[in-house]
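Heads up, the next two complexes both have subunit A, just with different partners, subunit B and then subunit C.
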Partner chain A sequence: MIRAARRYAPFALAGLHAVTQYRSTIVLSAITAAAATALQVFLWREVYVGGSAPAGLPFVHLTSYIVLAQILGLLHTNRIDELIAGEVYRGDIAVSLVRPVNYALSCLAVNLPTAAVSAVLAGVPVLAGFSLFASLPVPTAANLALFAVAVLLSVALAFQINFLVGLAAFVTTNTWGIRTIKNALVAFLAGQVIPLALFPADVVTLLRLLPFQGLIDSPLRLLLGGYGDWADAGRILAVQAGWVVLLTGVMSLAWRRSLRKVEVLGG
Partner chain B sequence: MSVSTARRYARLTTVLCGVSLHRLTAYRMDFLIGAASFVIRIACQIALISVIFQYVPSLGGWTQQQALFLLGFSLLPRGLDRLFTDQLWILAWQLVRTGDFFRYMIRPVNPFYSLLSERFLYPDGFGELATGIAIVVTAAGAMDLDLTLVQWLLFLPLVLCGALIHTFIKAFLASLSFWMTSSLNVMVAVNQLSEFTAYPLNLYHPVLRGLLTWVLPFAFTAYIPARYLLTGDTGLLLWTLPVTALTVLLGYGTFRLGIRRYEMPGS
Partner chain C sequence: MIVAEHVSKHFKRHRREPGLRGSLRTMFSSQYDLVRAVDDVSFEVPAGVKIAYIGANGAGKSTTIKLLTGIMRPTTGQVRVDGLDPHRRRVEVAHRIGVVFGQRSQLWWDLPVLDSFRVLRHIYEVPRAVYDRNMRLFRDRLDLGALGNTPVRQLSLGQRMRAEIAASLLHDPAVLFLDEPTIGLDLVLKQAVRDLINHVNAELGTTVMLTSHDIGDITGICDQALVVDRGAIVHQGTMRELLRSVDTRAVTFEYAAGSVTEAEALQIIAAELPDVRAIPAESGRIRVEYPVERWSARQVIAVLLNRFDLTDVLVPDADLETLLRRIYAGSPAEPVSVGDGA
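And now, the complex of A and B:
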């Protein structure tokens, strides 16, 4: 364990160095998150003003959901897909392959601290800003604990999804298009664009079986108390954990398959 | 501009568009992925509108079909703009930093035209334009929209003015890179703000509304013309022409100033 930590620490440090170099990117993330949040809050406010509020979801809860969904989104924005796509495109992947480390873990080590730092630096001002306008509810300690577990699982899921999308670079060159499609679809299916609870009941049941809801919907349901009893909370975490396990298998399978397709020029 | 110059540029544009079409057919998969990425993003926006209108019959005085019409109309100037001016993103991103910008200054045509011509008929614009037309036609059909002769005559000029506003706001921001080396972050942030125009402007806070009307006049690309076409309300419509003219002057003027300042690295 300690050996592993020592082995991957340099990757993490390199990632953090990069963050401090791109400070304007953090400001940009904050602006983007704030703008996206404001847009949704404005739209939904009009629905609540009209007096036809969705059942069981007070406006302050919805506002908290929207703000926190954007911040979780920042935490999930690792650039692993871009990193892998870039390495495959330029052929640098050859260098990465000869390193005595696990490729997936080194990707994670580079990106995780970066994502965490930018989520905190960009997220805290956004959260503070919106709590000035709306008195956001304070979560209970139990919900906070459940949320913490769910966030860890969500970070793992975000990493796995991006890693798998990054592998698409082995088969196509328009990875920008693939990433745009992935970003839009994942944000939608995760409940970042519309809280999943607001969809028609059948759609909700379906969406809550997919891995994507584990990114935003699950952690926030646990935090905001949007679950029935303890068994229900356990089920939410179990679905998340189940997908993490399943995707780990898919990842190693896809990685081995992709390596067979690698061609790098050079002598 | 004399008649012969205009004819020369018209001929050049035809030839260069032809070249781009050849490129499209060569990279068909890239074209499909690029077009699909926009269709999916817009599908998410349509879903948001549909979910909202599950709860309310009208949102800030807009029916669902009217809101969809607004969303569709906002895509028309945007798609038209993207079809011809996508190279401005590259200018904002890296043309000054890499020094590649000099290529556009040594050709015997206007440097602005020369810059844009690199990416005429950018494929992603087709996706946006086609989706926009489909939404506008469907929504207008569903509410039996009956345009007057004047509204029919103004339809295309309004789309064109909207496209010009998009183009020259982008030109202004991209030209900032002559001073900042890269203005990509500013451009991404403003682009994010322009997403607000896909929904009714009267839902937003007055400050935001003012910002989107008079500072970054995106309101003139969707909300104001769509409102006129739907209700005949000419409120701010008369401002469209002066605002467009001013935006064009400001954007192009900044570009000219930037060129004068540009110094090429190299020997």
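And now, the complex of A and C:
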């Protein structure tokens, strides 16, 4: 374990080093997150004022949900799909493949600290800013603990989904289109655009079986107390964890298949 | 150390037609061309050997290197590096090999050079003593210390290549693959790189496989040659054997001015040495090209000594460049004006 950490830590440091070179990106993502959050908060306020509050998400939690969904979104925006697609397109994948490391883990090591740093640096000011304007309810200690576990699983899921999308580059070389569709679709299915609780009951049941809800919906339900009893909370985590395990298997299969397709001609 | 058994690598390449109309048409077609980058190639490289992998552009050199380094797997056949299948046991093999791709960087673009080496040290789990010994060697031989804290992206090509070569040797690999390693280096640095590779080979018994179009790299580093043409091996053996396969050699001489005219000299040679080509070279010299199965250098020189008042004779080594040019072109090469002993 320590050996693994020592071997992959340099990738993480290299990733962080790169972030510090592009500080303006963090400032811009903070501004974007703040603007998007403000827009959504005002929009949903109008919806709630106009009619009766939809079931499943009390109004007091709505602002918290929107703010935190944005911050989680930042934590999930790893560039792994872009990274893999770029390496395949330029042929630099050849260099990555002659290193004695697991490719997926090295991608994770490069991107994870980067995502965490940008989530904290952009997220904390946004959260602080909104808590000044709106009274955000303070979560219970138990919910906070459940949330912490769910966030870790959500980060794993975000990495896995992006890794798999990146592997598409081995087949299509150019993945810009796929990545754009993925970004829109994942944000929608995760509950980042519209809280899943506001969908019709049948649709919610279905969406909550998919891996994408594990990104935003699961952690925030646990944090905001949107679950029944302890067994229900356990089920939410189990679905997330189940997908992490399943996708790990899929990744390993897909990676092996992708390697067969490596064609780096010239150079 | 390196074994290839009936290795082939075929690619399917989407057939594209030129022009906009062609591009549109190919969007709806699914025709492929089969590219045989490597075709039924077998060879074996013993440990400790420095072998040049020689072939024209597009002959399948880079593809073979990628098969041997585990980046790609062969369509058919088997490769083994240090007894392991480099594709299936990629990570294990990666520990035992060093690779330099002349046109790609294995360093971290945003990191200073020395930080890149610290990163590599942990990735390859290089023991402290080995790391210190090698860094000292690189400082002495490649002046690596001078690159210090410059981020890799700000290095010149020559500086970067030095760092790349050092990076490939940091973990004492058993096999070193060099794909065009001296691109962008000046003459002094080229020599420094060759010396370093020879030093490492002599000290650690590192097996070296080199592809290069630089004749100096080939003759300065390698003792064996593997010549590949259109995906297949056409020659494997020592450098000496390769040079011996040259079927025409040349002697250039100069004679005392005024003793005979050039036309007379050419006539004399034609009469005494049938099947030989005599060509006037620059500054009054004459170049005599003789087929090696008919004449020996000794016989040719004997005739020249006998018939001319010689002031200078030049008997260059078999010329690798001429030989390679012939192999690359697939046809007898034009004679070069003066053999320079390369």
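Everything below uses one rule, namely that the second predicted complex is superposed on the first by the 261 of 267 C-alpha atoms of A that agree within 3 Å, B and C clash if a C-alpha of one lies under 4 Å from a C-alpha of the other, contacts with A are read in each partner's own complex, and residues count from 1 in each chain.
We adopt the following convention: a contact is a pair of C-beta atoms (placed from the backbone, for glycine too) under 8 Å apart; a residue touches a chain by one contact, two chains touch by 3 or more.
Since this is a predicted model, take the numbers as computed values, not measurements.
Of the two partner chains, subunit C is the only one touched by A:His17; subunit B is not. By the touch criterion defined above, A:Ala4 reaches neither subunit B nor subunit C.
Of the two partner chains placed around the shared chain by superposition, subunit B is the only one that A:Val47 touches, whereas subunit C remains out of contact.
Of the two partner chains placed by the overlay, only subunit B lies in contact with A:Thr25; subunit C stays clear of it.
In the overlay built on the shared chain, the residue A:Asn102 is in contact with subunit C alone; subunit B does not reach it. Shared-chain residue A:Ala38: touches subunit B; no touch with subunit C. When the two structures are aligned on the shared chain, A:Ile181 is found in touch with subunit B, with no touch to subunit C. Once the two complexes are overlaid on the shared chain, A:Leu198 sits against subunit B while remaining clear of subunit C. Touch criterion met: A:Ala94 reaches subunit C, while subunit B stays clear of it. Comparing which residues of subunit A touch subunit B with which touch subunit C, the overlap is empty.
Residues 11, 37, 62-63, 66, 69-73, 87, 90-92, 94-95, 97, 99, 101-106, 108, 110-111, 115, 118-120, 122-125, 179 of subunit C touch subunit A in their complex.
Against subunit C, in their complex, subunit A makes its touches with residues 3, 6-7, 9-11, 13-14, 17-18, 21, 91-95, 97-102, 259-260, 262-267.
Residues 27, 29-30, 33-34, 36-37, 40-41, 44, 47-48, 51-52, 54-56, 58-60, 185, 188-189, 192-193, 195-196, 199, 203-205, 208 of subunit B are the ones touching subunit A in the complex.
Across the interface of their complex, subunit B is touched by residues 24-25, 27-28, 31-32, 35-36, 38-39, 42-47, 50, 52-54, 172-174, 176-178, 180-181, 184-185, 187-188, 193-194, 198-200 of subunit A.
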